[in-house]
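A short write-up of the structure that comes next.
Should a chain be cited, it is by its letter among A, B, C, D and E, assigned in written order, with residues numbered from 1 in that chain.
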Amino acid sequence: MGILEVKNVGKRFGGLQALSDVNLSVAENTVHAIIGPNGAGKSTLLNCLIGKLIPDTGSVSFDGQSVLGRKPFEICQMGISRVFQTPEIFGDLTVMENMMIPGFAKRDGAFELNPMQRLLAQKDVIAHAEHALEDMGLADKRHMNAASMSRGDKRRLEIAMCLSQDPRLLLLDEPTAGMARADTNNTIDLLKRIKDERDITIAIIEHDMHVVFSLAERITVLAQGTPLVEDTPDNIKGHPKVREAYLGETQEVA
Amino acid sequence: MNVKPDFSKGINHAETAPAFLSVWDMHAYYGESYIVQGISFNVHEGEILALLGRNGAGKTSTLRSIARIGDPQVTHGEIWLDHQPLHKMSSHEAARVGLGLVPEDRRIIPGLTVEENIKLAQIAPPIGWSIERLYDLFPRLGERRNQEGVTLSGGEQQMLAIARALSRDIKVLLLDEPYEGLAPVIVDEIEKTLRVIKEQGMTTILVEQNAVRALQLADRAVILDTGGIVFDGSASEVLENAELRAEYLAI
Amino acid sequence: MLGLNAKDMSLLIVVAILTMCAPLILNPFPADSAMAQFNAGYPDLMQKFVIFGIFAIGFNILFGLTGYLSFGHAAFLGVGSYSCVWMFKLLGYNVLPGIALSVVTSGLFALLIGLITLRRSGIYFSILTLAFAQMSFALAYSVLSNPKFNLTNGETGLQVYANDPQWFHNSERLPDLPHIFGLSMRATQKVSVGGWEFQFNTGYYLCAFIMLICFYLAIRIFRSPFGMMLRAVKSNQQRMNYTGLNSRPYTLAAFVISGMYAGLAGGLLSAVDPLAGAERMQWTASGEVVLMTILGGAGTLIGPVLGAGLIKYFENIFSKINDNVLHGWFSFLPDGMEDLMVTLIHPFVGKGWHLTLGIIFMLVVTFLPGGLVEGGQRIGRMLSRKKSKEADSPASTEPAE
Amino acid sequence: FTNEPTGSSVTLGFNVPQTGPYADEGADELRAYELAVEHLNGGGDGGMMNTFSSKSLDGSGILGRKVEFVTGDTQTKSDAARASAKSMIEKDGAVMITGGSSSGVAIAVQGLCQEAGVIFMAGLTHSNDTTGKDKKANGFRHFFNGYMSGAALAPVLAARYGKDRRAYHLTADYTWGWTQQESIAAATEALGWQTVNNVLTPLAQTDFSSYVAPVLNSGADVLVLNHYGGNMVNSLTAAVQFGLREKQVNGKDFEIVVPLYSRLMAKGAGENVKGIFGSTNWHWSLTDEGSKAFVKSFGTKYGFPPSQAAHTCYVQTLLYADAVQRAGSHNPCAVAEALEGFEFDGLGNGPTLYRAEDHQCFKDVLVVKGKDNPTSEFDLLEIVEITPRAQVEYAADHPMFAGGSLGSCNPGA
Amino acid sequence: MDAILLQVLNGLDKGSAYALIALGLTLIFGTLGVVNFAHGALFMIGAFCSVTLQRILNASFETISETEKDFLGNPLKVKTPYVESWFGPEVGASIIDWSVPLAILFAIPIMIAIGFIMERGLIKHFYKRPHADQILVTFGLAIVLQEVIKAFFGANPIQTPAPDALSGVAQLGEGLGLQIAYPIWRLIYIAFALLIIGGVFAFLQFTTFGMVVRAGMADRETVGLLGIDIDKRFTTMFGLAAAVAGLAGVMYGPINAPNYHMGMDFLVLSFVVVVVGGMGSLPGAVLAGFILGILEAFASTTWATTTIPGINQIIIYLVAIIVLLTRPRGLMGKKGVMED
């Protein structure tokens, strides 16, 4: 029984069956990769997990509790965090403030009326945010407006924000897209470290096979809305169907 | 090898072969912040130039400056495309001269369907590939022609962005991380396409984080760091120079 | 101090000094001089400055921080005004119960309306709030003033009549006008110094004091985690929800707080002048506070107060400059010149004050984006940059062309 | 007392609508005020000072002090009007406030003047409440009111249109509209008319088609428009557009009545007013000496004849000045005493009484009708009858005016 | 039955006015996303185009009358319009009589020019600015335009009557046994509104213009990269919107006498109509205009006001609230247009 159980999930957009009969079980404290061609329904699946979309059929449960019918913020408070495919950050706020918000969400819950507290007096949250920024190598940008960062930096910021909430399940949608090679490697290391240090489960969507094969313990291949295979990385690498539908012939696997 | 060329005296045009696109001492600002700090380079007709550098090096800003978007604001410098002074034009004029940009965040127009997104690109001359030909290249787009563009999956959006550029008869294609978010098979596919259109004489500037991949495709490479050029030479040179790769590309 | 950092503290102190000395500062010209026309240091206008300052500060907590543009805030101002006058009618002329009630009722009213309108965002929210306010206005203006059930006294405005109960009012000891423990709101100490005359008015100081508290609270809100959450709402609600935060209660809280500020302002309007008219709830009144906030600088601390001041100044000072006054100013010129000057200026003052205000709106927003505050900052920056440029220009190493 | 004049001049506050829909009326009021000040200070031809029965004014200002004035904009909003009046009192030291072009504003400013301790000489205000339930000891009204309109108009209407008439009222949905409707309905019903319906129309209404259209099927044969200003222009226009005036109902010609008329409104309504009856406080075509003198000095100065609003404002200024002169003081209590029960003549409406009980003037009221063949752009109304004062008088405790109390005069600080 | 049909006509008539104003507004506000508080002023200026033309046609010379006297007792100056002396009294009088229809021709170029100037001179700089700034600047502009008109024409309404031939009452449905008398000009107004609405729809439907402008609004930068000069199209759009607003004003003149603040009277209402219709949707705006017009007409019947007192005062806002609460983006709104 995994920490995340997806059973028979289906989702339709008008005439398009984006997901059909998806079953997925993610074991606790593992890194589970979801790969597949463009438009396979990977992001849609993640959207169903965090309440952005409601599946037409099937069930999704996290840690034994159903997430369906809950609002996004409730799901997040249950311990699921997500990094989006196009960075979703607080563009008008500084990098530091971006980092503090998840800190407050973690400390104070979904809503706290504290207009008389002083922002600068929240030492715990600040310290935590500082630490997370250092970890991500964004410390020198802390006073910058998040919107005016380059895109690679935005993505790193978003990962840092999600991590600083201490989620139990971290959903990553192409976290290293657009990241420089060095930073991609740093991110891989960071995720590995986090996974080992904390009790955290990671589900990751990536098209960068270097990242997938360095991190994943199990891989699900999704194609046209249904899982094609689910297996260990080594088996996936050699899987002829996967090579044909997704990896392509020339792909050198790191 | 020419790690830090001295452009302060300007480019000696007599020394180089006639350039198709030439950027000369370009400086650009985002509001108060000085981002593009005096960039000069040449691209020859039918060449693929890889523009490389770390995150925040200024690659996107450089492409945007060439495309005359206005943000960042180019305060100094000249850009010539096929004997036309781009630096005196606005972005739509530059586009009509034959400049095509695939922007890094794809910029699919909300509210328009896939097909409308392409049709939009074919309103202003010159018209390039036909819609049918584009659908042949990207069958997924053909299948989704009446879906709203922004609801496409990430990879599909990328295809649309490239298709949109090709639907115009452009002379120079500026690609800002075109492979991002694409499945490896599709990347192969696009790479093939780029080679094909290169054969047909297209000049391309390719910005890509997967430097190795880009360098394999490119003829020449320019490496940026904090808004300036730190290398300008042939692509194979970079592939061979481990020191350079380690310093500026971390590979 | 007071939980503020040095910069905010000095801002608060400056504002405090300015408001406390307003009767002096706003009367820079001797009473008999031609320029006395521009003096603004009389009780009514000073009261308006601070009361509309409160209104705009509160509006800015909603609009400046969350970006939710309410076009119906005047409804809360109106409710506050009516509540306060009702307290006068029922209890007596002491202003404290009235002010307290106006904050409470407007808060409740804002809660009710906020619960409904905040289900939408953007322009849809603006129009919902506008619709509620316009309905309130229409009801107050006619329906709720029918003789059978007269809650608002319609066109005339709610006021205290001699036959009202006023249970705790004692005409012997207390003034027949709003007062605070016997000290009439109208009580004005006039002090003449040379050609100058300064007026120190109880109502003004009460309002000014309350405004300082409101301003202080607003600074605290801006600088609190709550304030940051409100800015997060403006920036990206989506991300907020996926960060485990429920944005609705935050916006609702901001809406209610700003509604209470508006109600307080309404209550104070009645406290210094015990008549509450329905026009206070009309869309033009809601629009006015929007204009004040933008004019001063939305999202800045002091901007809305400046915006409120500017608009009220025009309304009260410019509208009173008639041709007679103009002739007075230019009487030193030869006759032809005098008439020419008067003809030139005439369209912009007196009954043309709207024209000047419209032009000011356009100029400010075109040339000082971000409002008066940002305009000020820009000018400041420009000056300081010029200075620093001058200072280090000899050493500069601009690349030679 | 408040703002006691000490120097060589005395300041009056003229508070009129300078912006908003009544701006033209306000502008005419201001002209009248300026003319009055000129006359009080001995300038011009003296206007009605020469015909005024009281001879205490001599062109040397008021009590020997030169008259100065300040102006303000009421915007036809109670709040703005009060703010403007307050600035005149607090900043400019005005001892008397006058003006206004609507009842809401008049009542609001009257209340303020009572509290502040200055005299208020109302401008154009027609609601019964101004000297009814909202009357104030410091406030005085020269203008006539809804009741008087009804009392003057009803007999003329009955004579022209017959006693067997069914009236349909459209009424502006606020205090003034209600009191006027009540007055007209009462006066016409007393003469045998029936009121078949009274429909309240929103203040902000601009297109009255949906109110006018049902009138024809209601069985009514008279439409009474209790509207003023833009409302009146628009409702009358709609009524004419729908062809009401060509209709025959119950075997009679359909008629439209506009109880409160002014020349400026008639101008706005254009052709539509021709032949339509209404009442007015004063009209420039009156031929008594006072009116003639006023029209002459106003017309000479400005090039066109004064409106009724201008007339009232001019008269109110003279009356105030005269009262001060007679009382020998600007003290509001002394002024009020001088005005209360004051009988005078020569100011255009025949012998007039400022009644002490409610500070309302009693004088002749004009019944007018839209002129069929105007000779100029000012010649829009034709006087049908000058209703004598006796016919429009009422008891001070008349139910339509009941409720308030005058209180006692407040001299302020 | 007659009464109901009459109110339906009234509703269509009001609806035509709302729909026309909302149509112009939604071209700028719903499509370009510019909160244009000066739209009402454009409507008003349209109406004053007729007033101006009327004044021009009425330009007169004066002759001193021997018999009549003016109000001061001096000999009366009789005014004769030049057109009457040039074309003879009859033709001249009928030219003046037809000044409102003539004003349509007069207003089109003027309004387009005003739209161009406004966009090029002012609004252009505000596309990228926050909506709040747009409100401030267009509100300022609206005040200025109003005050200028007031300075020239005064605050009083000025009649611009329909030509005599068109100002009577038409008897409708006599063949059907109905007796409906309805002013001819109001019927013309309905027809005119439908014509303009159809024309604008056709223009946007059968050309790529609408799509380009929508795209340009969503993302100017990218549209520029595709070689399209979006500025020019925005300017054209503004001219079109101004012309629609102006024509709505010209035609409205005979229904209600124009005054300088008529624009403000309609302003709030037209925003409500556009939003109820849904941002970004032209058909939505038109539909909402007619629905609200008809509802307003019925809410003002005696039956409605006695059932629910004051319903005529609040109906529009009430309906707006109900619509917006049940349909998140109004009747036919597009996703993402000014939702944040």
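The criterion applied here is as follows: contacts are C-beta pairs under 8 Å (C-beta built on N, C-alpha and C of every residue); 3 or more make two chains touch, one makes a residue touch a chain.
Worth saying up front: this structure is predicted, and the values here are computed from it rather than measured.
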item	value
Each chain counted as touching chain A and chain B at once	none
Farthest-lying chain, centroid of Cα atoms versus that of chain A	D
Pair with more cross-chain C-beta pairs in contact, given B-E and D-E	D-E
Computed distance of Cα centres, chain C from chain A, in Å	47
Centroid spacing, where centroids are CA-atom means, of chain B and chain D in whole angstrom	77
Gap in Å, rounded to a whole number, between the CA centres of chain E and chain A	53
Rounded Å distance between chain C and chain E, as computed from the means of their C-alpha atoms	34
Contacts with two or more other chains, residues of chain C listed in rising order	138, 141-142, 354
Where chain E touches two or more other chains, by residue	313
Pairwise chain contacts under the document criterion	A-B, A-C, B-E, C-D, C-E, D-E
Touching residues (chain side chain C, partner chain E) in the complex	63, 67, 69, 116, 119-124, 127-128, 130-132, 134-135, 138-139, 141-143, 146, 237, 283, 287, 290-291, 293-295, 298, 347, 352, 354-355, 357-362, 364-366, 369
Sites on chain C touched by chain A in the complex	3, 5, 217, 220-221, 223-229, 231-232, 234-236, 238-247, 249-250, 253, 257
Chain E to chain B touching residues, read off their complex	208, 211-212, 214-215, 218-219, 221-230, 280, 334-337
Chain E-facing residues of chain D, complex	20-24, 173, 197, 199-202, 204, 206-207, 209-211, 213-214, 216-217, 230, 233-234, 237-238, 241-243, 246, 264-265, 267-272, 284-285, 295-296, 299-300, 304-305, 375-376, 378-379
Chain A to chain C touching residues, read off their complex	50, 52, 71-73, 76-77, 81-82, 84, 88-93, 97, 100-102, 104-106, 108-122, 125, 161, 165
